[in-house]
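Each chain carries a letter (A, B, C and D) given by its place in the written order, and its residues are counted from 1.
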Amino acid sequence: MAVRVAVAGASGYAGGEVLRLLLSHPEAEIGALTGNSNAGQSLGSLQPHLGPLAGRTLEATTPEVLAGHDVVFLALPHGQSAAVAAQLGDDVLVIDMGADHRLRDSADWDRFYGAPHAGTWPYGLPELPGARAALAGSKRVAVPGCFPTAVSLALFPAYAEHLAEPEAVIVAATGTSGAGKALKTNLLGAEVMGSVTPYGVGGVHRHTPEMVQNLSPVAGRPVSVSFTPTLVPMARGILATCSAKALPGTTAESLRAAYEKAYADEPFVQLLPEGQWPATKSVHGSNAVHIQVAHDPSARRIIAVSAIDNLTKGTAGGAVQSMNIALGLPEQLGLSTIGVAP
Amino acid sequence: MAVRVAVAGASGYAGGEVLRLLLSHPEAEIGALTGNSNAGQSLGSLQPHLGPLAGRTLEATTPEVLAGHDVVFLALPHGQSAAVAAQLGDDVLVIDMGADHRLRDSADWDRFYGAPHAGTWPYGLPELPGARAALAGSKRVAVPGCFPTAVSLALFPAYAEHLAEPEAVIVAATGTSGAGKALKTNLLGAEVMGSVTPYGVGGVHRHTPEMVQNLSPVAGRPVSVSFTPTLVPMARGILATCSAKALPGTTAESLRAAYEKAYADEPFVQLLPEGQWPATKSVHGSNAVHIQVAHDPSARRIIAVSAIDNLTKGTAGGAVQSMNIALGLPEQLGLSTIGVAP
Amino acid sequence: MAVRVAVAGASGYAGGEVLRLLLSHPEAEIGALTGNSNAGQSLGSLQPHLGPLAGRTLEATTPEVLAGHDVVFLALPHGQSAAVAAQLGDDVLVIDMGADHRLRDSADWDRFYGAPHAGTWPYGLPELPGARAALAGSKRVAVPGCFPTAVSLALFPAYAEHLAEPEAVIVAATGTSGAGKALKTNLLGAEVMGSVTPYGVGGVHRHTPEMVQNLSPVAGRPVSVSFTPTLVPMARGILATCSAKALPGTTAESLRAAYEKAYADEPFVQLLPEGQWPATKSVHGSNAVHIQVAHDPSARRIIAVSAIDNLTKGTAGGAVQSMNIALGLPEQLGLSTIGVAP
Amino acid sequence: MAVRVAVAGASGYAGGEVLRLLLSHPEAEIGALTGNSNAGQSLGSLQPHLGPLAGRTLEATTPEVLAGHDVVFLALPHGQSAAVAAQLGDDVLVIDMGADHRLRDSADWDRFYGAPHAGTWPYGLPELPGARAALAGSKRVAVPGCFPTAVSLALFPAYAEHLAEPEAVIVAATGTSGAGKALKTNLLGAEVMGSVTPYGVGGVHRHTPEMVQNLSPVAGRPVSVSFTPTLVPMARGILATCSAKALPGTTAESLRAAYEKAYADEPFVQLLPEGQWPATKSVHGSNAVHIQVAHDPSARRIIAVSAIDNLTKGTAGGAVQSMNIALGLPEQLGLSTIGVAP
C-alpha cells in the first residue's frame, strides 16, 4: 500500500517536521508541497536539512495542487484550515496540525481564538481514553496542541484513578520552535539565548481550554487548569511540570500504579524507572513521551513531569501516528522512540 | 573608609562572582583569596574573566591567611563554614554564602542536610520584612539560597496582604552555574544544551524549608511549599513561577497594590509595568529583581514570577548588599540594577 | 565636568549597549534618546535590562531633539549617519557607531556598500599605531567594525615587527547580536541554537577592506585578507582566529616579544600567559581584549587569536573609549576589563 | 542476513551514537554492550534517549562477553583498542572508532599520542579516493577522526584537480560532545554556553597528521596543514572552514567543477547549490556532509566549508557506513541524510 501525501504549509517548522518523518515512513509517497508566500522557492533553500527533497519546489496552496492525494497534512496558521479542508473530498484523509478543529466548545473557541468556529474533528491523541477508537477509519483528524499533549499525558492517569483534586497547576518550558518561524523580536537568537521568560500568563494561553477539555472527562468532573508556559533557550522540546493536590489516601504506590496501568501497553509512552526524571533531550526528534511522577507528602501534592519533542510527538509525530491509525496501518510505522542525544 | 576583604573559596562560581562585584566596589580592598584544592594556582587561570586579579595566587584556607581582614566571605561547600567562622574574631564581619547558617529549625537542617547544625545567623535578604534591621551592625550574615531569594520576593507581598492561600506551588528554572563547578556528567555542556530536566522533585530540594521559613511569618500561618527546580540551558539566571490559590476577594487590583506597596522603596526590586513579564537576561550580572504578578480568575490563582541572576542577587550580590548594610555603607554601593543584555 | 549625551538609535543592540555603559560612566548625563520606528515607546519595553531608564520615552531622530548635547552617539543603519551628523554643530562630538565614516578609499566604499561615500573620520581604535593622537580633541569619531577591531588587534603586532607575510587568513566566530535586531529567519533562536554557519564568504564581507586598511600601513605594504565570519550559538562575543605565514627567522620568542611590546601599556588589551587561550565569555560585557599567539613550525605559520565582546569593545565600549580620549577624560572612565562569567 | 553486533564502550557518546544508528539498521541485531567503570548499570540510566535498550545492563569488556558476534565496535579511549582487538578472532569485523589504527606513520603516532603504535587498518572514509575498495571485505576498520572527516572531504577535490597550493589553513568549530563525556571543568555547561574558545593551537592537535595523511596522496605532494579547532556552544556538529591559496588558472568555474566531479555519485555528500552555505544543524543526527566552495579573487584563495555531525558522519555513522561496505551490504543501509532541524 502506497499512501500519497501532500503537505500544505511545507516551509514552516511543523511542515518541515512532518516531511522529515514521512521521508522515513515506508508507506508514504510524498506528493505536493505547498506554501503561500514561499511558493516558487526550492525546499532545499527553506528546509536544508531535508536533503532528499532539496530539489522540490513549493507550489501555491490550491485545491488543484492538493487534489489526487490520499492524505493532506495542513500546517497552516489558525483560522485557515477549514477553508482548505472544505475543498478536499470526504474520501481524503485531512490532518489538521493547526488549532481549528480541536475544541468542542464554541465559546472557548470564540474566547481564545476569536474567529468563527470551524467545528470539531476526532482528536489525535491516541493515548487518551477513547481517542484511538475515534481515530480508526476517520477521514478528519485534529492534531492536539503541543502543550496539551505533554500535559494531558502527564496528568490523566492520576485523574483516571481519582488520586488528585481537580485543580491542576502547570508550568511548562518550551523550545522556541514552538512559536513557529514568525519573525518577532522576542524570538531572535540574541534574545532567547541565555534567557527564560514566561508568556501567556494568567489563564490566557490558547492551549488552556484544550487541557481542560482533555482532563475533565477523565476526572469525571470539571478540572481547572492554571497554565504558565515559559520560553527557554533551546530549539525543540517541552518539559511540563504538572501538579495537583493529592486526594486523601493517595500514596506513592497508588500513584505509581495508576501510571503503570495507564501506560503498560502504550508504544510511545515510557514511564521512567523510579527516581529518573525526564529530560527533553532524551526525546529529541522522537515520538516518545517520557514521564515520571512523585508524591510530596509535605505539600500533599502529586507532581507529574513529562518530556516530549514539541515538533514530533507534540505536532508532526502525533499527526503521523494518527494517520497510521486512521488508515489502519501499524501505529508505530515510520515513528521512532529513540532520541537524538546528546 | 577602606574595607579589607578576604574570600575563602575564590575558585568557584560564588567566589568568582563576589570578586567581580568587589572589584567595582569603591570601598572594598581585596585581600586574601583562598582555595583548597586550587591553592597555589593563579586566579587568572581559574577565573580568567577577572583580569585585574589575574596575577593573584590562591592560598590555603587557614586562620592565618584569613586574619587581618574586616570582612571575610565564605564560598565553601555546605558543612564547612562553621569551622572556618569559629576561627575568625567576633569583630570580623563573616558572610556565609553557603547554607550552614540559614535555617532556624535544627530538625529541618538535620532532615535536608544531615550534618550538625551550625546555628542561625541574621538572614541576608533585606527586602523581607524585618530583615534589614537585623543585618545592620551584625558581624555574621547568612546569605539566602538562590531559589529562596527568587521565590520569597515573588510571593511575600501576596502573603503580607493576605491575598493567597498558604499552599504555594513553585516551578523554577535555573541556569547551570547554580550547581557550581562540581564535575558531574549531567552538568556537561553536551548534556545541558538543548535539554530541560527537573531535579530534587517531590519536596526533597534543600531550599524548600528555607522558603517555608521566609513565607510563614509573613503569612502569619504555616505556608506549605511544593517546589520543583528545573535545569535549563543557560549559564546564569533563575525564573521562578510561583502560584497560590487566591483568597476570596482578591482582585487584580488588590494584588497589584500589594506588590506596589511592598516594593515602592526597594532599590533592587523592579515591579514591571503591567503586561510585561520578567526575563532572566534582563537581570544578567545585575543585582536587580524583576517581578510581575497576575490574577487568573478561571483557575482562581495568583501567579507571581520573578527573575534574578542566581550568582548576583541570588548569591554574591545579596552578600555584598548585606555587607553594605552590616557595615553601615549605602546599600547600593558597588551594585548595579543594569543587566548585560542581549 | 558633566557631559550631556544623546543616543540616536537607542532601541537597537548598539544603542542599548552604549546606554548600559553610559549609565556607569561618572561624567555622562544621559539626554535625548531617539528611534524612528519606535519613537513614542518606553525604553523599558524595548531595553528591559536598562532598569534606571525604564521610564524614558524614545523621541524621533530630529535635529531639534539632538540639539543641546555635548556628545551624540549615532547607532543607525549604514548610510544614515552622514545626514544626521550634518545637522549637528562642529562643536558637538559626534560618534558614529555605524560604517559610514570608516573607510578612506571611496572605491572600497562603493564596492562594499554602494551608497555615496560620506567621508572619513578619525578612527576609534586607539590601540592602533597613531590612532590615539588623531582622536584627541576630535569632534568626529568613526567607531570601527566589530570584526576589524578583533582582527586588527590580533594581527598588527606581528606586522609591526615584520614577522608575517602580508596574506592574512581569518576565520571569526560571532554571536548573533552582531547582526542586530533585524527580523530575519536565519537569526531566529530556533535556527541559531545548535548551529554554526558561515556567511559573507569569499571576500565579500563589508569588514574586509577595513581590515586591509588597518593592517597595510603597519606592515608597510599591502596586506591581503581572506576573511570568513561564522555565526555561532551565543548572543555576544567574537573569537577571531587569524594566521599568516611566518617570515623566515620568526620564532616563538620573537613573536611573543612583538605582542608584549605592542600591549605593554594598553589598559584594555590583555596578552594572556603562554598556553592560555582566549574565551569570549571571559570578556562578556567588558571592554577587554584577550589575545594569545603561537608559532606553528610545521605549517610555518603564526596564529593569533583574540576575543572581544562584539557589542562592548567591538562597538559601544570602543565608542565610549574614543569619547573619553576625544574629550580629554581618562581613557578608562566608565569602562571595565572584568567580564561577566560564567 | 542478521548481523550480530557488540559495542565496547557503550556508555560514552560514540558508543551511544552507534547504538542509536544500529537500532534503525534493518540487518543489525544488538548483542553485548560493555563498559568498564559503568559495568552493571542499566543503559537506560546512562543513555536515556535509547528507549528500546533501556532495560539492558552493561557488562565488563572481556573477550568472553565480546565473543560470538559478527561485528564488534570499539568506542574506547585511545591506546585501548589494540589489546581488545587482539583477543577477537580474524573472522570478526572489528571497527575501531578510536584513534589507534588510523595513522600510517609510526613517528606521527609517537609524536602525537606517545604510546606504542598499534598498526594501521583500512581507513573508514569511503569518499576518499581508493578508500572504498580497501574497505570491501576487510575485517578491520579504523574510523577516521571527526575533524579529518570534515576537513578531508572539504578539501580533497581541490587537491585532486590541482587547484590549490599544498598549504591548507583550517579553522573548525565543534560541538562539545566531540570531547566526550570526560569530566573536565572547561566542558561544564556553565563554561561552554555563551563562549567560544580555541584549543590545541599551533600544530599540536592530534588530528593534524591524519589530515596530512589524507590530503597529501591526493595532491601528489606533501600538504602542510595549519589546524585550529574551536569549541562552540552546541552539543553536536562540526563546521570546517578550510582554505588554501589558489593555483594560477583556478577559477570559480573550475573549482565548482572539481567538487561536482568528486561528489556526483556520493550518497552522503551534498554539494549545496551555489550561494548556499552549510549549517551544522542541517546535518544534525544524519550521516550527510554538506559542502560549499568559493573562490576569493582578491585574496587569491579557495575557501571550502563542510558541515557534519561529529558523532554521526564524524564517528558512528562513518563506522556503520564502513561496516556496510565491509560486509557487502548496501552502503546506505540504516543511515539517513536527513537532519533533525530546527
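General remarks:
The rule is simple: a residue touches a chain if its C-beta (ideal position, glycine included) is under 8 Å from a C-beta of that chain, and two chains touch if they have at least 3 such contacts.
What you see is a predicted model; the values in this text were computed from it and never measured.
Among the remaining chains, B is positioned farthest from subunit D, on the basis of C-alpha centroids.
Between A-C and B-C, more C-beta contact pairs join the chains of B-C. Centres computed as Cα averages put subunit A at a distance of 44 Å from subunit C. Our note on geometry: subunit B versus subunit C, Cα centroid distance of 35 Å, whole angstroms.
Within subunit A, residues 13, 177, 188, 190-191, 193-194, 233-236, 279, 281-282, 284, 341-342 each touch two or more of the remaining chains.
Viewed as a network of touching protein chains, the structure reduces to a complete graph with every chain in contact with every other. Interface of subunit C with subunit D (complex): residues 167, 169, 171, 173, 188, 190-191, 193-199, 201-203, 208, 224-226, 228, 230, 232-237, 239, 241, 243, 245, 277-282, 284, 292, 294-301, 303, 305, 307, 341-342. Across the complex, subunit C is touched by residues 13, 175-177, 179, 181, 183-185, 187-194, 233-236 of subunit A. Across the complex, subunit A is touched by residues 13, 16, 20, 23-24, 42, 44-45, 47-52, 54, 177, 193-194, 235-236, 270, 272-273, 276, 279, 281-286, 288, 290, 336-342 of subunit D.
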